[in-house]
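Dropping the structure in here first, questions after.
For clarity, chains are labelled A, B, C, D and E in written order, and residue numbers in each chain start from 1.
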Amino acid sequence: IIESSDEGKYEEKDIKVKVLATPVARKLAKDLGVDINQVKGTGPAGRVMKEDIQSYNEKNKDIKESNVFIQPVGDT
Amino acid sequence: MLTEKFNPLKEEMLNILDYEGNIVDANLEPFIENDNLLKMYHTMVLAKVADIKALQYQRQGRMLTYAPNRGQEAAQVGSIAAIEKSDWLVPAFRELGAWLYKGVSLEQVYLYWYGNEIGSKFSEDVKMLPVSVPIASQLNHATGIAMASKIKGENDVAIAYVGDGGTSQGEFHEAVNFAAVFHAPVIFLIQNNQWAISVPRSMQTKSKTLAQKAIAYGIPGIQVDGNDVLAMYAATKEAVDRARRGEGPTIIEAVTYRLGPHTTSDDPTIYRDDSEVKEWEKKDPIERFKKYLIDKGLWSEEKDKALYEEYESYVGETFKKVEESGLVSLEDVFKYTYDEMTPNLIEQYEEYKKYLEEEGQ
Amino acid sequence: MLTEKFNPLKEEMLNILDYEGNIVDANLEPFIENDNLLKMYHTMVLAKVADIKALQYQRQGRMLTYAPNRGQEAAQVGSIAAIEKSDWLVPAFRELGAWLYKGVSLEQVYLYWYGNEIGSKFSEDVKMLPVSVPIASQLNHATGIAMASKIKGENDVAIAYVGDGGTSQGEFHEAVNFAAVFHAPVIFLIQNNQWAISVPRSMQTKSKTLAQKAIAYGIPGIQVDGNDVLAMYAATKEAVDRARRGEGPTIIEAVTYRLGPHTTSDDPTIYRDDSEVKEWEKKDPIERFKKYLIDKGLWSEEKDKALYEEYESYVGETFKKVEESGLVSLEDVFKYTYDEMTPNLIEQYEEYKKYLEEEGQ
Amino acid sequence: MALLNNIGALTHALDKEMERDKSVVVYGEDVGHEGGVFRATVGLQQKYGKDRCFDTPLSEAAIVGSAIGMAINGLKPVVEIQFSGFVLPAVNQILAHAARMRNRSRGKYNLPMVIRMPYGGGIRALEHHSESLEAIFSHIPGLKVVIPSTPYDTKGLLLSAIRDPDPVIFMEPKRIYRAFKQEVPEEDYTVPIGKAKIVKSGKDITVVTWGALVREAQKAIEEVEKEGINVELIDLRTISPIDKETIIESVKKTGRFLVVHEAVKSFGAGAELISIVNEGAFLYLEAPPTRLTGFDITVPLPKGEHHFIIEPKKIAYKIREVVKF
Amino acid sequence: MALLNNIGALTHALDKEMERDKSVVVYGEDVGHEGGVFRATVGLQQKYGKDRCFDTPLSEAAIVGSAIGMAINGLKPVVEIQFSGFVLPAVNQILAHAARMRNRSRGKYNLPMVIRMPYGGGIRALEHHSESLEAIFSHIPGLKVVIPSTPYDTKGLLLSAIRDPDPVIFMEPKRIYRAFKQEVPEEDYTVPIGKAKIVKSGKDITVVTWGALVREAQKAIEEVEKEGINVELIDLRTISPIDKETIIESVKKTGRFLVVHEAVKSFGAGAELISIVNEGAFLYLEAPPTRLTGFDITVPLPKGEHHFIIEPKKIAYKIREVVKF
């Protein structure tokens, strides 16, 4: 039996829990400026659907708009 | 040695039993036990009956493609009778007589032509390979089997069949050359049945005989009357003995004729005259042999009639079993690609089963 | 006919010029114009000089892999001199002498071994194929070229080269058999230089001669002293004439010797005795021919010295040009796969160019 | 115009081109006197003589190898391999030489040659009579790989193939040799190599297939359209060089992709298509690009072949799966 | 333990296995007396005799075909094809027979045989000495295709291959035959066929490669890690049957995928990997799964080969591209 890995063990906590989404949904989120990681998925196995992103976007529109003049700090 | 006496360059063909079933030269008559002679004859008749019936079944739409061997029974049985049970048979695809003699059941042969792989799983003690469809490629397997036998210090020989058409393939050349270089105990049995589908022997190669190709490999070669079961036996026996003595391979050209179509999909009237067929029908290997056996007091017309009847019904029953055998199971379709099914295959198998369930098949 | 007189089964080899450069049998001496004799000799010397220098360059790390042909000049030049400009040369990979005689420039040959495809783009009027690395596969091209010539009603023949090792390949068999069946005007020139890398001729095949393989195809074959340029010419000329008359192919076995390594990556001391090499050095094809030309009053030691000197500097200059030729352009790497670059290739080409720009190469 | 099946279209195209261009020669095993085991070359020897249409020894390497020689020496050989399973002895000639002669000689020697071969399963045949090897040839630079699915395209693509300066592997779905007829114009016309055909436009899913399965896909589509699924069907026609543009444009529109082929799944042409879709239309994907293919096994003999063959029902099932994703 | 390069590990493994198992025989062109043109079999003939290690005529179809016969008759042949470009004359034996004998005989005849062949470019060689044909063999059901990248794996995988009841195509990246050494245990051990190796864990992108490019990828990764890109590197080791699980798990974690291989791009193994990623990790993908491969051309001769060879710099460039997407 051979070791499957010998170097560079990463810390599990470094890895973000991955959101499930199709490329189309991801693109939509990006286009709308939505952080897809914040969206709760309602699709199969918790998948983030396009509708989820749209409604998240609707809901958070006000907040986002009111934040327009606030300079983002660090990464968004 | 026969291969010296009938050196292919002299263009003489070994013949022992003439068309009437008389011995041409008593010195050449091989010694074969009576039991064996009868087994040989029985096998030839069974091959003939099974062949004719297979064609009938096929025309009735009950059999798939079938490659008839009518007319070539002596070439096949005469040669295979010269090897032992422990020796190997490497077939092409048209050697029903040889297979049956070697111990393959007719049921299996029929299963194969019926389109079921299980027909090629011969029982453990039958040292024969499955049919090889890619022409001449099987010859290299025979060479390897024979080399292995030699490497292991065993005494088994291999006999491999190929057609006149097959001699044009590169693999014919490579297999014979390899075997010659390594003194592999193998006999290359060319059934020159004059045709490769629609292409006549004369178009395959410009050499006068196929036997003379042996000269290219520095090994013995001999042309034999392939419709003469005794000549076939004698030439093969000599080659087998030579091989077993460690003196390497031999090429035997059996001059014979395919009386039927190439396969059931073939229409030979497109490319050959009926008169040619008629001419060869006169040289029927079975009739000749029967005459010999009757002369020897081993056989009679009555026994013959009974044998044909017995085989007619045996063949009929066998085919019935085959027809009832049904389809290949899904599991079997997947199971034999690797020793263990790969994750990929398991996945495909499971997915397909799910589909079948959902679609209610 | 030489092929009858020197029937391969008699195991007699055609030899006209002995080791000392004397004519063995005046009846056999071929008629060759003086100019041609000199062209042949010049080419052999150039091949020798270019060969030796290529090895030197390679050892200096300036040349890539190179396959020397030292010792085989007569087999090559003697044979190629027997065809016309309009005939075809189908090379293996070790026929420098033949290529030069046919009109390929040394610069191109060197470019090829230097690792540049452009070395294989011979000028329009040089009817020669590029080197064929997969052993024996080129023979089928020669057969096809010859068949086309016949189909078109033209009169051109093809001469194809192969090594002793190459005769073991299936494609050797298929090409010769095909050519024989179609009476294709082609000459199969086997340079039996005794070795296929480390494998001796005796391991390639059990046949005593390679010439006798012709019998398998029903065509003439002849074994020739391959270090005897006159014998090579005579045998080839006869075969070329026969081919042009529509009588089909011939196999010529040139018995010769590779004096150098298989390629520059090979170390022959692993597999052969120096004494064997020494023995063959005595049979040098160039020395023999020189003696003949001097006896004929066509040549002298002074001229010889001058010729070597001329070629030394010619080869040196040629190599310099090659060394200065640089790398293959990116465009050329992509341009020749198809007649027109496919969308795929255009995409890959553009993407790579972008990468090169961005990464500042 | 004549009503022809696929075999008829082959014969017709060969006939026309042999008449038009004296450099075209046609040969292979049983191709001359008999006219081929499938009768694709029937009548050509009688019409054009034994020099231009002939039988050969049983020798695939020589058939293809000699064709290379002929192409170099000014002819346009169209050779037949009796079944695609028997092309293997000629693979050295095809991969090592036919595909490379042009590049090797830096354009000096083009090889205008066509290697025809019936391929694919579903004809209840012996072993080696059912394989689909298009992915192997398509992996080799320098070859073109063409598969027609209708009599019209058979003629048009074969004429393109013969006139193409590069070697073309012309794979004929033998299962549909005689399955149906179509009007084929008498006149000369070509169908371009490298261009897929949109058999039917649609908006919900792109289905790409070729050869005998185009018809099977059409049947499947009839089914699913009843359920309101609107399918775009593309007949690839040329496997290499592949028509990326048509496929990518289609997937950009539909967002869903299914490739259907009879060849075994792994390392097959389906994988290449999925990669192309990923490369060209990733951000448009609403479902994983999917393949419906043969299993990773040798095509079973007739008594097990039904498990392997891709029926319309199976295609419909898979379409629904991708659309529902 | 001994410090061995890849060639040394080959010889060592063959030696050990010939000693352990009398049914192992080793042969091919120049394999016996000379010990192979790359010296992989050096010393074996002296030690085990001419019956178990020998030279053959120049005849690849016979080499492979006879090995099939030997395997049927109780031996375990390990044959060498001098360069993978010269396997083509044996393709009929490999595809039509080696891959199928087991299925054809319904398990009666296993073929425990290994076909070794040096492959790949970067050694400034003649034509036909540089190709990478793994995709072709991997497309054929019944074959296993293995490519080691280190001396340790070379021994362990070769021993697995010889002991495997199925035929194994053992492709050796000749460019690194002597490139580096590694400690190789004296004892018997195997590396399982069908299991990829995670060479290095990471979270930002999964890079899959094999053979000589594993080292090149490692170099590239050193570069990009300086820029803060954390790469998971997988050495595929077995191309068929492929270790989907390891790859899919990795991509589920990283969301990004790059496959790097030297073979030409189209219809290559990269396409299969991308399809596997689509099938198994589609919803995790944050960028299109991408391939970095040889161009769709014949590997150029040495004066143009630098354009073709995949250098660490190119890999790093592509990693950045996928990560930035």
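By definition in this document, contacts are C-beta pairs under 8 Å (C-beta built on N, C-alpha and C of every residue); 3 or more make two chains touch, one makes a residue touch a chain.
For reference, the UniProt names are B, C = Pyruvate dehydrogenase E1 component subunit alpha; D, E = Pyruvate dehydrogenase E1 component beta subunit.
All of these numbers come straight from a predicted model, not from anything done at the bench.
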Margin query: With a step meaning a move to a chain it touches, how many steps does the shortest path from chain A to chain C take?
Written below: 2
Check: Tell me, which chains sit next to both chain C and chain E?
Finding: B, D
Check: Of all the other chains, whose mean CA position lies farthest from chain C?
Finding: A
Note to self: Can you tell me which chain lies farthest from chain B, using the average of the Cα atoms as each chain's centre?
What the structure shows: A
Margin query: When I count C-beta pairs in contact, which pair ends up with more: C-D or A-D?
Written below: C-D
Item checked: Distance between chain centroids, defined by C-alpha means - chain B, chain E (Å) -> 40
Next item on the list: Give, as an integer number of Å, the spacing between the C-alpha centres of chain D and chain B.
Entry: 36
Next item on the list: Could you put a whole-Å number on the gap between the CA centroids of chain B and chain C?
Entry: 44
Check: On chain E, where are the residues touching two or more other chains?
Finding: 56-57, 59, 61-62, 85, 88-89, 92, 96, 103-104, 127-128, 141-142, 242, 266, 282, 285, 288, 295-298
Next item on the list: Return the residues of chain C touching two or more other chains; collapse runs of consecutive numbers into ranges.
Entry: 117, 133-134, 137, 168-171, 174, 177-178, 181, 203-205, 332, 337, 342, 344
Margin query: Quick check: what residues of chain A touch more than one other chain, meaning two or more?
Written below: 22-23, 26
Next item on the list: Return all touching chain pairs.
Entry: A-D, A-E, B-C, B-D, B-E, C-D, C-E, D-E
Margin query: Applying the document's contact rule, which stretches of chain E touch chain C when the two form their complex?
Written below: 29-30, 33-34, 37, 55-59, 61-62, 85-86, 88-89, 124-129, 265-266, 295-298, 300-308, 313-314, 317
Item checked: Residues on chain A engaged by chain E in the complex (per definition of touch) -> 2, 4-10, 14-15, 18, 20-23, 26, 47
Notebook entry, point to check: Along chain D, where are the residues that touch chain A in the complex?
Noted result: 255, 282-287
Check: Any idea which chain E residues touch chain A in the complex?
Finding: 152-153, 156, 189, 191, 195, 197-203, 230, 252-253, 255, 282-286, 288
Notebook entry, point to check: Which of the residues in chain C come into contact with chain E in the complex?
Noted result: 64-65, 114-117, 131, 133-137, 165-166, 168-171, 196-199, 203-205, 265-266, 270-271, 325-330, 332-334, 337, 342, 344-345, 348-349, 352, 355, 358-359
